[in-house]
Amino acid sequence: MSFELNLRHRIGGTQITFDAQTAVPLMALVGPSGAGKTTVLNMIAGLVRPDHGRIAVGGRVLFDSATGVNCPPDARRAGYVFQDNRLFPHLRVGANLRYGEKLAPPDARWITQREVIAFLGIAHLLDRWPANLSGGEARRVAIGRALLAGPRFLLMDEPLTSLDPARAEEILRVVERIRDELELPVLYVSHASAEVARLTACILSLP
Amino acid sequence: AETGASKETPPVVLAAASLQESLEAAALQWAAKGHPKPVLSFAASSALARQVENGAPADIFFSADEQWMDELNGKGLLRPGTRATVLGNSIVLIAPKTSLVNARLDDPRGFGAALGDGRLSMADPAAVPAGKYGMAALKTLGIWPVVEKRVARAENVRAALALVERGEAPLGIVYATDAAASAKVRVVAVFPQDSHPPILYPVAVLKNATSADAQAFRDFLASPESQGIFRKYGFTAP
Amino acid sequence: MALLSAAEWDVVVLSLKVSMVAMLASLPIAYALAWLLARKRFPGRMLLDAAVHLPLVLPPVVTGWLLLILFGRNGPVGSWLEDWFGVTLMFRWTGAALAAAVMALPLMVRAIRLSIEAVDRRLEQAARTLGAGPIRAFATITLPLTLPGILAGAVLGFARSIGEFGATITFVSNIPGQTRTLPLAIYSGLQIPGMDMEVARLAVISVILSLAALMLSEWLVRRSGGGRAHVL
Amino acid sequence: MALLSAAEWDVVVLSLKVSMVAMLASLPIAYALAWLLARKRFPGRMLLDAAVHLPLVLPPVVTGWLLLILFGRNGPVGSWLEDWFGVTLMFRWTGAALAAAVMALPLMVRAIRLSIEAVDRRLEQAARTLGAGPIRAFATITLPLTLPGILAGAVLGFARSIGEFGATITFVSNIPGQTRTLPLAIYSGLQIPGMDMEVARLAVISVILSLAALMLSEWLVRRSGGGRAHVL
Amino acid sequence: MSFELNLRHRIGGTQITFDAQTAVPLMALVGPSGAGKTTVLNMIAGLVRPDHGRIAVGGRVLFDSATGVNCPPDARRAGYVFQDNRLFPHLRVGANLRYGEKLAPPDARWITQREVIAFLGIAHLLDRWPANLSGGEARRVAIGRALLAGPRFLLMDEPLTSLDPARAEEILRVVERIRDELELPVLYVSHASAEVARLTACILSLP
């Protein structure tokens, strides 16, 4: 089982109900704007505590309201590409990339800085402040930072926004390799149906 | 300046701020005789007395009035038999050097007219010794009811002096010692000694004194030799 | 012309020592208080807030008097410090530093608190998902992002300490070499007619010292400034 | 038991008046200075910064003395104010308010400046593209976004004014009904042996006044708080 | 002429050179991430001053380094949908929408709040703070705010990011109507080639 999710949560005026048991590594999450996709990722990452339910990823229980299990976010080891990037403004791009890498146990790392910098094409940005990046540049740094933390699973919230088709294609290939070679559980949020269809047959939708 | 412990630890003297120049001179004289120079700490008598009450590690208290000395005495904080009244002072009416104002102490109405729409600058009669003496004298002379509402109460005598020096107040009441020290004011009148309680500066060794020199310096302060120094700054014998 | 007499030099060095120690020692306490007040809701929060502001509201003389009662040799804290640690505050420069620190505290807390409240907490969340525990997330994200507040607080605290008078003279008196800082020396000068020039000299020295502190802090902000613009 | 004697009541009312006027009158000036220091680079900026900090660094008595020299009836500004506007500051509550405002200014400027520096200028740009001129963009975006700093500055300024002693008594002395604010009344009490209870009463009143100001400001922040979280 | 642009500008390490004269109302701007698309929009909006060149939109000269013309941003009347939304955090959604509308001369308005709220589907969000919106919800509010300011031309920086296909379709239709019925000049940045192809044949690309 890659994801076992039973989630009940109320946010703003929206009641989110989400149940999923998936055996394939990559699962796509779609749904109209405001359906609760980001909130689901936040719950899996440990940033929002579900009102009720259970979260297990790769067989590891991260949250269970019945037994009182609630793993803190830093112990969950999610590689979360936030919808809004959240680069650290006081650290240069290089330091942003290294932030999670330094905290990861050495044997947990499954990709090197060199590889990440190469396929994201951000070698020329390492000394820049995040404030001086273009939209797509910041997006790529956010993806790189998440991958370098040696995560056990990935949460990607529309990772390809602001990226040109050529760059998007390269990143998609990396995601496919992660899915096929590492078999890492990936929860992938996107509104682009072609992109989603290419990545997985397992598409769950929030109403 | 060192207060560290040596064989001859100099006495720590807590003294009223108005004694600053004169006591500094007396201490230098004392040091010239081969004694370690006393450590002098100047502040308002009230602040110093409260420090003594709370265990200040000091040797001598030199107050600007008897009231705070009585307070410490009542609490058993003075070394018995060491209290002595060593100095006296008088209060005077002053005006800016350049002003033509004239006022007489025997004519309350004239005094009020001399003040015009200005204020009478003096130390706070409710709090500061110099102000208390001034108020007592004005009451004796029948002037107080005329000026009561027109008093500018300064924090201390020097601030009262400054208001007259700057011409912000046409008249002021300060110690004779203050008037003597300022080149910017002139003495308009001297308050008769019997118009107010005697202005006295008591000194005493504190109960917790540790300096071996404390008693000797206190005796020096009461001696004719140091009296001569204080006289130069306008103080009188008690 | 020698710029400073030996006695003036002593006063300046003492003032610097007292102010630096007061500022550095109270900075962590101010940060902790600011963090509590900005981030936590607990019973008595309002009271803590009020207590922090106390030295600002009370006339300094009253604060000095309270310090005297608490930290004097016969006071509850003072006697305890003396018995257990052999620490005396009365009439010592350490007491002057305590008085300066207490007076500076509310200014430091407010500045730091404003900065903490301005931190985007989603960045701390991002650090958590990247494997940082709460303490590391604080040290690597919150703390550096609040640097402007820390520096503003440090400057305010240092300047306030350089200027502190009322609480100091009331608490630890006016002892040359121990507690006679610049403001107390200035006060002494003001007591003597005709000392205007000396007073002006000392006042100018005070101003120069804190101008230096000001410039140092601006320089530190600028040096770390590249990254503090706003970003996604 | 009557809570306050008539004389105490006078003192409280006067203190409130002086502190409110000092705080309200200096708030716009503090904002303008903070904005200049935060946003503009001009020759003499560092000097202006230093001048603003001056009342913090100098012992209050010296500030009072400088005010006396400048704003006294015979001072350059004081005589000008008197001749042209018929405004007298000496020995008046207006002078006490001036002293309090000057002492509070550096605290207000720092707090507001921190807030201005934290404003995301891209939001001002967005307002400009939507048709707002520079002044309107300032009034509708910058000003409300710096509300936390304004309130923090107001609280600091008010509290500092309530506690202001040294500059006030030196500048305008201690005149019942005109310049005798709470700290001056407290000081008088401290000078007299055995007045501890009166002093404590007045000190408690001071604390309550600024606690009220504190609570008011926290409430204002909370009321406007919904929108100040971080956003895209 | 809808857009007449001659721009030379250096930002970071990138030299931007962009020349265009278009007669059709809607022009698309494409190019890889970091090429300078957002910077071009910023120059047209008056937020970045070009090192050198000339900007005219709908026949009105907004900037000319030769003659020294430099119209301030508020007088340009651009309807700018920022790549990063820039909603005003201290104003509720409704007040954000009204911000530009209130400043527009009444006869300049060409769309009503009611229409905007309807096609963006944000009626239920009017009382919300921007901080509590989902990514797509914030995007829609940003679009609405720009349209309601009664702009004379539109600058849209990837306006459909974070939007689900149904909502995106509705917004595209509105853009088409603006193009066809109002003939307002529109500069449209997007990485989605299908979207771009549908809107215009005039596609300019930054290298």
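In order of appearance the chains are A, B, C, D and E, and numbering begins at 1 in each one.
The rule is simple: contacts are C-beta pairs under 8 Å (C-beta built on N, C-alpha and C of every residue); 3 or more make two chains touch, one makes a residue touch a chain.
Everything quoted here is computed from the prediction, not taken from an experiment.
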Contact-graph distance - origin subunit C, target subunit E: 2
Label of the chain whose CA centroid is most distant from the centroid of subunit C: E
Chain at maximum distance from subunit A, centres defined as averaged CA atoms: B
Distance from the mean Cα position of subunit D to that of subunit B, given in whole angstrom: 35
Centroid spacing, where centroids are CA-atom means, of subunit C and subunit D in whole angstrom: 20
Centroid spacing, where centroids are CA-atom means, of subunit A and subunit B in whole angstrom: 78
Inter-centroid spacing, subunit E versus subunit D (mean Cα positions, whole Å): 45
Junction residues of subunit C, two or more chains touched: 61, 65, 122, 187, 190, 230, 232
Junction residues of subunit B, two or more chains touched: none
Multi-partner residues of subunit A (each touching 2 or more other chains): 84, 132, 135
Pairs of chains, among all present, that meet the touch criterion: A-C, A-E, B-C, B-D, C-D, D-E
Complex contact set, residues of subunit C against subunit D: 46, 49-50, 53-54, 56-62, 65, 106-107, 110-111, 113-115, 117-118, 120-122, 148-149, 152, 155-156, 159-160, 162-166, 182-183, 186-187, 190, 199, 203, 206-207, 209-211, 214-215, 218, 230, 232
Subunit A partner contacts - residues on subunit C that touch it in the complex: 122-123, 125-134, 136-137, 140-141, 144-145, 147, 224, 226-232
Complex contacts: residues of subunit B adjacent to subunit C: 1-3, 12, 14, 17-18, 20-21, 39-43, 47-48, 50-51, 54-58, 156, 158, 161, 165, 178, 181-184
Of all residues in subunit A, those that touch subunit E in their complex: 12-13, 30-34, 37-38, 83-84, 124, 128, 132, 134-137, 139-140, 157-158, 161-168, 191, 193
Subunit C-facing residues of subunit A, complex: 45-47, 72-74, 76-80, 82, 84-92, 99-100, 103-104, 129-133, 135, 138, 145-146, 149
